[in-house]
Amino acid sequence: MIRVSGLSLRLGDFALQDVSLHVRPGEFFALMGPTGSGKTVVLESIAGLIQWQRGEIHIAGRDVTALPPERRRVSLVYQDHALFPHLTVLENVIFGQRYHGISPADGLREANELLDRLGLSRLCGRTPENLSGGEKQRVALARALACRPNVVLLDEPLSSLDPQFRDDLRSALKTLHMQMNLTVLMVTHDFVDALSLASRAAVIRGGRMEQVGQIDEIFRQPRSTFVAAFVGMKNVFRVTSPGLCELGNGVGFAVPDAAHGAMALRPEDVFVTRNPDLPGNWICLPAKIRSVRHEGFSWFTEAVCGHAVITAALDRQCLMAGGLEPGSPVWLGFTPERLHLVPDGSDETG
Amino acid sequence: MIRVSGLSLRLGDFALQDVSLHVRPGEFFALMGPTGSGKTVVLESIAGLIQWQRGEIHIAGRDVTALPPERRRVSLVYQDHALFPHLTVLENVIFGQRYHGISPADGLREANELLDRLGLSRLCGRTPENLSGGEKQRVALARALACRPNVVLLDEPLSSLDPQFRDDLRSALKTLHMQMNLTVLMVTHDFVDALSLASRAAVIRGGRMEQVGQIDEIFRQPRSTFVAAFVGMKNVFRVTSPGLCELGNGVGFAVPDAAHGAMALRPEDVFVTRNPDLPGNWICLPAKIRSVRHEGFSWFTEAVCGHAVITAALDRQCLMAGGLEPGSPVWLGFTPERLHLVPDGSDETG
Amino acid sequence: MRAFPATEGRAGVLPGLIFHLWVVTSCVLVLLFIAAPLARTIASPTLEQMLATLRDADVLRSVGLSIWASALASVLALILGTPLAYVLARRTFRGKKIVESLIDLPIMIPHPVVGIALLTLAGRNNWFGRILTDMGVNIMGSITGITAVLFFVGLPFYINTVKNGFENVPVRLENVSRSLGAGPSATFFRITLPLCSRSMLVGMIMCMARALSEFGAVVIVAYHPMVAPVLMYERFTAYGLSYSQPVAVILILVSLLFFFLLRVLSKSEKEEA
Amino acid sequence: MRAFPATEGRAGVLPGLIFHLWVVTSCVLVLLFIAAPLARTIASPTLEQMLATLRDADVLRSVGLSIWASALASVLALILGTPLAYVLARRTFRGKKIVESLIDLPIMIPHPVVGIALLTLAGRNNWFGRILTDMGVNIMGSITGITAVLFFVGLPFYINTVKNGFENVPVRLENVSRSLGAGPSATFFRITLPLCSRSMLVGMIMCMARALSEFGAVVIVAYHPMVAPVLMYERFTAYGLSYSQPVAVILILVSLLFFFLLRVLSKSEKEEA
């Protein structure tokens, strides 16, 4: 549905270098990256709002490289919702329909359907200033959908919202995407949002694509230590000799012979137990608890294993069973499949 | 250390009504509330930056009600860090020392110690514009601590940061608080931050205190459905008759006779199992899986139980064991202690 | 509780006092310096003098001409200045600084020079002037000339105000409008202009007020027909201070009226934002 | 893929064209209208005329006086206007609108009225004027008078520019500074002023440029000693257009110089922000 090939541009200090990506029809695609990585630039290029120097963009099979934004049939939703303050909610929603050959009667019906679906019917006549953050964002979404776009572009749609509203809007987005068979490209700096919503994703950094693929693949198999860090893969083990990761003190585990660089492992993939009763093919390492802490409702432990410190998520059962005082001996277990080779393990970022 | 009693003020449409709170020496206190609830107003009142109409504020035993901000010995750290752009990092940090009778030599030594502790030593001579978001926030923290304040006031210190930096700063804050025995009052709209850092907390809503207490107490025993929703307590059961919550279809559980209103339960406190092999004193309800979804790295299931829908967190073991297809029969278990009475269960918010 | 000793801040009492003194005295001085001469002038003429002046046909005609020509200039600014303000607010292009400087130039050029320059351009010794004269357009001593002068001096005020107004409309609103299918023209008229209408009104009043105050350029291009400031100047030179005061009072009151309008409008503009 | 049929947008080609035409023509017209008269004037005098004018002691003295008195006025604005600008940027108080209006008033009051008003205040027929005269301060026909007039007309430009500059310094920086122990005075001089110094410089140049351009008020208060615009007016009325053009050229060039300064400074200000 969207095919970006070799997009390059320069904006002051910032440069986008040879960015390519492909969003398939009906797909929810997430473009992830830290602040300043150029994700919004990609979005605005696709919308036709930024001139680029090199590269082509196709939307729905048409080469839109030379088309102005209003001819591209892509609807944009910004983080700050950007509702038209002088129009009512309904007027906002029907704003663009006349330019897409939608008759006023059809348009009004569809707009009301959308508002209804998003639980906004009773707000039709209000002006945007009287809405809550979550409501504004839903109106912006309805406005984007009301003119039957080929693609919806979302620019950090969740990050300006309080956590309470964020969950609601996330569900709304998910439901709309499935029910209306939308093609969505979402930009976000929060990998949790991407993981919850998207089926495929890309990670961008400093104007370059670091990785494109299935969302699971990115989260399980980051191709660089940058992506690994970005998706929260906190455990990185250097491959010390062919086929082996030594952690010191005689502790270590075998890795495929061809592997060199580093092996990365999510804290969520490490299990903590008091007895090594894990399946036979698992890697099982002796360790000592150093600390236990919680982040929100998730509990993590840092355990010393050889000379390395491994971060592991804790299950509630494990917490309740006790025996996690600092210094307690435990076993850390993980399946070899969860252990992922990061080829550029020598990369400077951590 | 800070004692606010009966603070009331009016700012345009917004009013703070009879707000009282008490932060003890050495305590990390979190003031939580949604956007526009007045949390920053409380903070700025304590700092002396806002005139209030009624109420008293004591800091370190002194009545500061009539003192200008510069005499209160409270240091402020804003969400947007508010570094002085024309000064270097070091100049920023030593800025306030001269007003607190700290000799330049002592001041410089302490500033360097602080910068060192926060991993900023190599940035001493830089100007703020060249720093990353996380670095700026740490400089702001160092600047606040360098003039030996009685209290540090933090205004959403984490929310402007990318998730990667947020973890780092959270640990830094926690470490500093413990090592330097600081008294901290932090304002936040994110209950995850509060839960990770604070020992006591308060929830404010529309200028009124909803609840003050131990952080665990607030998260386990919200006193209103608003607080329950704010802290993510998704399951609310109406008490149908004295001593009983009926969920329909003959399913239900006993509650203390005196309880009326509603009972609330965190999704994290509900365990899902395939066999009712839970401890004898647990409440154990039969249910059917409706859906399984993940938010970030956490997995949740919605299960139909009688006529009610209960949200429960899923452990990784449980997920791996399988049998969670929609329609599968499971047991939902929780201890009666986790079930909390919400007295104003009739409240309109959900 | 921190381990450091709690030293009381060495609050700089003396410098603080001097600072406050400086702030208070200079605020009072400045406000008095502006208000006192005007108040004194308004209080100067007797009621009879005022009434006589108000019945003076020359005075009324000149005030009317001033208002009419200024209004014309501000309408011209609306029609011709709006696009430029929009372009300056939205586009970056090579030479933008030069264009912005050019727009501000009329504020800085000594007023008689403005008059000289317009006369030079419209004079018979260059082709443009000859074309104008052949078309029957006469700058010297005509209302056309006066309007041209007032447009020249008022334009920067209009363009800068409206440019500011356009800048305050978030580009994102226009981006969204474009992405929803509205072309540049539809976006301008349906989104940007409605959100900016109050700025444009304020700009027109600014332009008109500045035009009303102009004297140095007008007096060169058109001594007759007399606009109000020229009339006042003539009375001052011909009959002296006390004779010119009643006219001054009327002009001050007319300015205050515009002023009041301006404040009311720009106030509600801020409240809307 | 959506289920709706993909209808091509009815791109309004004609209105779009008219819109573009309006934008382009009016931009060109406005820029020409400002640039052409000035360019034509600069091109008018011959080189000999220019050289002769540059050797004319009267011309040089008047230009020097203009610059000197304007500089004095802008220094006065710096000293007396800065606190008021700060107060207006930071405080809200009852009657703030009135104070802001008062500050802007000198832009709107017809220039000869400004002169009349200052003369009225300093005249012997009121106590303030008598005190002034007794102190030996003479407004009429003196450099003091000229400076007072130029300060009066230039002040709004200084205050508005600097007020804007102060507003762009986030209040949070001052709040943090206060919470770190610095009093209002220390906060002002260590935080606010350094961050605003460029605005203040820009404000001074604005004030000076406006003062340089003043004619109508000066001509009433002090025909002699002649400032440059008055000299030019005299040459125009006494000898005609072509005699006044060389002086006009010099004044345009002096204005352009200030202008250039202004642009360079306000440009780097934006880049810093």
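Letters A, B, C and D name the chains as they come in the text, with residue numbers starting at 1 for each one.
As a working rule, a residue touches a chain if its C-beta (ideal position, glycine included) is under 8 Å from a C-beta of that chain, and two chains touch if they have at least 3 such contacts.
No experiment lies behind these values; they were computed from the predicted model shown.
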Considering only chains that satisfy the touch condition with chain A, which of them also satisfy it with chain D?
B, C
Chain pair whose interface holds the most contacting C-beta pairs
C-D
Roughly how far is chain B from chain D, going centre to centre by Cα mean, in whole Å?
52
Report, in whole Å, the distance between the mean C-alpha point of chain C and the mean C-alpha point of chain D.
12
Touching at least 2 other chains, the residues of chain A are 70, 73, 98-100
Which chain D residues reach two or more other chains?
9, 11, 181, 183-184, 186
Interface with chain D, chain C side, in the complex: residues 9, 11-12, 15-16, 18-20, 22-24, 26-27, 29-31, 33-38, 40-41, 44, 79-84, 86-87, 97, 99-114, 116-121, 123, 126, 128, 151-152, 155, 159, 181, 183-186, 188, 209-210, 212-216, 219-220, 228-229, 232-233, 236, 241, 244-245, 248, 251-252, 255-256, 258-260, 262-263, 267
Which residues, counting only chain C, touch chain A once they are in their complex?
170, 172-173, 175-184, 186, 190-191, 194-195
Residue positions on chain B within touch of chain D in the complex are 44, 47-49, 68-70, 72-76, 78, 80, 82, 84-86, 95-96, 98-100, 140, 143-144, 147, 153
Would you pull the chain B residues touching chain A in the complex into a rising list?
34-35, 133, 162-164, 167, 170, 189-192, 195-196, 229-230, 232, 266, 268, 271, 293-298, 313, 315-317
